[in-house]
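The structures come next, written out as structure tokens.
Here subunit A shows up in two complexes: once beside subunit B, once beside subunit C.
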Partner chain A sequence: MRSVLGDRRALLILLGPALLVYTLVMLVPMGWSLGYTFFKGNVIEGFTFDGFGNFEKLWHDQQAHSALWFTFKYGVVVSVGQVLCGYLLALLYVFVLRKSSALIRTLVFFPVILPTVAVALMFQKLFAVAPQNGLANTAVEALGIHHGDWFASGGGSFLVLVVMDVWRSMGFYGVLIYAGLLDIPEETIESARMDGATGWRLIRHVVLPLSWPVVLASAVFSINGTLKVFDSVLALTNGGPGSDTTPLTLYMFRTAFSYGDYGYGSTIASLLTVVCLGVSLIIFRFSRRDPTKG
Partner chain B sequence: MTDTLAAPPRVRPTRPPTAALPRRRHARRLVRNALVALLLVIEVTPLLWLLLSSFKTQSEFVDDPAWSLPKSWGLANYTEAWTTGHVALYIRNSLMATVPSLALIVLLGVAAGFALEVMVWRGRHQVLLAFLLGIMVPSQMILLPLFRIYFQTGLSGTLAPLIITYTAAGLPLTVFMMATYFRSIPREVFEAATLDGASVLKAFWKIAFPMVRNAVFTVGLVQFFFIWNDLLISLTFTTDDDLRTIQVGLLNFTGQYGETAYGPLFAAISINVIGALFLYLLINQRIIKGLTAGAVKG
Partner chain C sequence: MHHTLKHRSPAVLAATSALGLLLSGCGGTDASSGGAKEYSLTINDDNHIVQQELKTLSTGACKAQNTALPLKIQTLPISNVDQKVQLLAGQNALPVQFAAGGTPALTKTLDRAGQVLDLEKTLKDLGVWDDIEPAAVTTVRNLYGKFNVMPYQFNIEGIWYNKKLLADHHIAVPTTYDELVAAAAKLKSAGVTPFSAAGKEGWPITRLISGYLYRELGPDALQAVADGKAKLTDPAYVKAAQAVADLGKAGYFGKGVGSIDYDTGVQQFLTGKAAMFYMGSWELGDFNDKAKNKVGASGIGFMPFPTVSGGKGSADQIPANVGLPVAVSAKAYDSKVGDWLSCTAKNYGAGSLKDQGTVSGFKPNGDTGTLPPLTRQVQDTISKTTTSILWFEALFNTKATETSQTNAAPLVTGSLSAKDFMKKVQADLDNG
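Up next is the complex of A and B:
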């Protein structure tokens, strides 16, 4: 029996193709990119060995620093926004709407599946000032705030970016955390209520601690995505004004494909990889829990 | 917030009903309705505005305020986006890249998930770890070498680079999700099958695959959205304008018309949203389950 389930020929047929494709198209290029970091040039001009030149350049490159900073800033702000809004939505579903939350859940989830490019272009128009004030501008001005062109300043662009990405994905985290909240035994909450815990205190001391694992899992998933942000930025602000909203992903893309610097592009990609792996590792440690068993 | 989250009225055996209770309940219902209304406004208004605007003419965009309704409901913007704006071509390209990738991902990924979870062999954990790497490492790490390979092998002028890259990039999550689904099936099922004389391949094809058919559909759905909505890979590997996928085409839509053709642009975005809405209405519960399952497991 063991020997049958360990049949080598079957293993080769079942796992072989996937592993081969994955190795050739993902693993080998990853190593190859690491190799590029020691070279200068591109396919057309040819490559020359440059030692640690690219890393030295990265160390002194102001633009790379600001891209790294933007990546962190965006990652933290949007991840906190996504998980927080998701949690509030989940509380709304479980405690306020209760049995009748299915329709609202479905509705709020819808933007999750929309193409990012479509959503970004829509938000561009919502916050546009020409040819007419977009709907969002009109609403903001109706509240008595006159902002002007959101995309003319780095701060304004960042704000629209955050609002967009939270709007786009909060339904996703809402459902994710909602499923976690449903796992809390009804009796636990009921008995806490008997003991007089209501409102904020019930949330703070009973619901939040019991749902902490799913909050952490959401945070890991969220930060893993937001650190890699590309589509939203490219489609909404194109990294601008100037390079004010350029994350590492976009900076790498520009360096490699607009300026044809493969070596330096790979170095930036490697930095991004280190950041992604490092942050995930820190959160895993912090949570002391294996999210794959989740 | 405190009020809305206060104890529900259902189980309160220790306290006799008082006069204050109905009023509190009334207030709570008011707050609840207000919250739902706010949520509806936030979610629906932008999309509704997008759809309404897609019927406006150029002069309405320039002269009328954003909140005005379109004066007529003709489909001129849509036909222009569809033909002159090449949306039809882009959607065709997207389909031609997505369908083969999806088929390959499911075929290879389900088999690999089975091999990794059900079969017994040394090195399983190392291979799983290698697949995990594919989930964590950003795609930027694979673009440059692949670009070079596709360029030098002459694949660049076709959709093949997209299909190959999507297939490989979709495998890690698929393998992980499928391994999780296979884990939920009792091992005895497969052991009994092999005891009865079935080979592993037969056990996979005749027993395991049918058992996870629903999961396969779910996984396929998740991958569909990843591929269909992808921008980074398609932007990198489509060097030819005629090979643009819908996302790349949409991104460059403004460029083709200059900054002024608002109507067709809104129509092009709307086509995307309406298409997604159709699919969503058809199988929304499946989509929600699939995407969130992928999240926790990923």
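Up next is the complex of A and C:
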């Protein structure tokens, strides 16, 4: 083995193709995109150098600010929802359903494999008020809550979006955390029980600390996915009403491809990259902390 | 050292050639510079009329041209038109004919980049320039600066009304804006939805703003904004948005207007669920379609947007346009495309009237059949129109257009004030 890895030719042959493909499909476009941030113009008429003009524009752009704020708001609420619901589901599988959880696990996991667009269309119809009253809307009205058109206000649209995305992905986090919970030795839980820890205390002081690494992994997964949300917003609300549910990704897409401003679109993309990087760093730093000493 | 180099070079060579192959693959080939293999048309999917009529021509009057260069239609949602056209233009891969984008601004950009065929010159060279209606030529020039789109449609816009619903509630056809509002109030209290409007698309609502603006401030109202002489945030302009917001506040657009899409809007009106419908005459095709129109073509009337008391505009200034028009790629043009264009110019006008019951910008040469009464009324109105006006976003850039149309529903549902609506659109005009 040592002799193979010591041979430069072997290294080149083994790593070369992968490195080449990675460079071509990842690094070159990334560098290219970064380069665009200093230009203005469009693909039809060509580009002109604009220095830091795009960054200055970003600094003052109200729409970018509200898109950034929406991205954070959505990321935090949906990530918390996903991980929390996933954790509760995992607890349900392990402690309540035990060995008979397979069917429920499959059913709850099912929405994960459905296409986002199909799910979004379904939720549009569920919460619609016109031309027909949707099922979910009828159910909510039966409870005495008359919300009116959910998609007419930013708040209503946001709520439907959160419910949809949590419903869509909680099965995945449920299974992920379930795998983590299975790793906790039965004896540890047994001895905790004998010491008198039950219910909430058992979970808070024994189960949660022992499953903390998998919770953190889920959180990293979740927040990085939700910060880059695109398809579910596009299909459900198309960023509306107005631009109330427009995240950075959708704003970037529109700017680059609908308004034909590649330079500014790339600038928004680089902001998104910085945000994702920053959030990941914060979570990793947080992960070093021992949750039992909080 | 020599040893290492000697052995490394084949690998380096392989890597370099692989890179070269990949790059040449990315570059693409410039297939569209003349010599098109198909008479391709990329068009928004809600535009059935042009698709159907070109298909009819391809098996009828233009059969020979179709054999030489077969017609191939690709459709896409209207909201994706701009994006697709820009991307294809950037790669020099525009189809022979393409929907010219949601805003004239984009067509002008394409034209500056040499992508759009100068149709005035081409049609004159082909000897078919006289087959174009002069009114259509003027309208296209107003919008695009020169004649560079095919006027497959020539539309006027106004309010269509359900004659029976108005008569049942003893409402005379409104001629002033105040009468229109009073009629809406009467209909609403009788449980009839006064206006059907596609809030999801937004433009059927912003058309009402421009309608009000033109009646209040005269036919130059939006040109003044384009020239920077006025701003949408000026009180007179905000007043128009406020008037439309008030219609929404009073519930005159019915429930969930933001979720109503174009087809649902049409359906609401044609099934008698709504009394009035602001729309262009391109909808004549559906109005004359017995299967779709449950109200019956004779049950529908047309009124121009009513006048605003004390306003500078008049009701005979009618919004006219050439629909979302179709431009021809300058790079894909060759003699076979020319044959298609001249055959189209000669035969489209009559075919459009006869088969679709809609008016186009081509002169109807030959048999047009017996025209349905609504189509005749539209033709009459077109011939009597002295000044034509444009729609709200006609002179806006792409971003301001989208902002205007996506915020139309919030404006009429009350989540966005008239002032903020105009402020948002003006901001995009200033930055564009």
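In this section, the second predicted complex is superposed on the first by the 276 of 294 C-alpha atoms of A that agree within 3 Å, B and C clash if a C-alpha of one lies under 4 Å from a C-alpha of the other, contacts with A are read in each partner's own complex, and residues count from 1 in each chain.
Convention: a residue touches a chain if its C-beta (ideal position, glycine included) is under 8 Å from a C-beta of that chain, and two chains touch if they have at least 3 such contacts.
Just so it is clear, the structure is predicted and the values come from calculations on it, not from any experiment.
Of the two partner chains, both subunit B and subunit C are touched by A:43. Once the two complexes are overlaid on the shared chain, A:106 sits against subunit B while remaining clear of subunit C. Contacts of A:257 after superposition: both subunit B and subunit C are touched.
In the superposition on chain A, contact is made by A:239 with subunit C only, not with subunit B.
Comparing subunit B with subunit C, the partner in contact with more residues of subunit A is B.
Contact with subunit C, but none with subunit B, is seen for A:154 once the two complexes are overlaid on the shared chain. After overlaying the two complexes on the shared chain, residue contacts for A:208 are found with neither subunit B nor subunit C.
In the superposition on chain A, A:265 makes contact with subunit B only, not with subunit C. In the superposition on chain A, A:15 makes contact with subunit B only, not with subunit C. Residue contacts after overlaying the shared chain place A:131 against subunit B and subunit C alike. Residues 8, 13, 24, 43, 131, 257 of subunit A contact both subunit B in one complex and subunit C in the other. Those residues of subunit B that touch subunit A in the complex are listed here as 1-8, 11, 14, 31-32, 35-36, 39-40, 42-47, 49-50, 53, 61-62, 64-67, 104, 108-109, 111-112, 114-116, 118-121, 127, 130-134, 136-148, 151-152, 164-165, 167-169, 171-172, 175-176, 190-191, 194-195, 199-201, 204, 225, 228-229, 231-232, 235-236, 246-247, 250-251, 253, 262, 265-266, 269, 272-273, 276-277, 279-280, 284-285, 287-288, 291-292, 295-298. Residues of subunit A touching subunit B in their complex: 1-2, 4-8, 10-11, 13-15, 17-19, 21-30, 32-33, 36, 43, 91-92, 95-98, 104-118, 121-123, 125-126, 131-138, 167, 171-172, 175-176, 179, 190, 193-194, 198-200, 202-203, 214, 217-218, 221, 224, 227-228, 230-231, 234-235, 248-249, 252-253, 256-257, 262, 265-266, 268-270, 272-273, 276-277, 280, 291-292, 294. Per the touch definition, subunit A reaches subunit C in the complex via residues 8-9, 12-13, 16, 20, 24, 42-45, 57, 62, 124, 128-131, 149, 151-154, 238-244, 254, 257-260. If you check the complex, the residues on subunit C that touch subunit A are 4, 7-8, 11, 15, 18-19, 22, 82-83, 86-87, 89-91, 106, 109-110, 112-113, 115, 254-260, 264, 267-268, 397-399, 402-403, 406-407, 409-410, 413, 415-416, 424, 427, 431.
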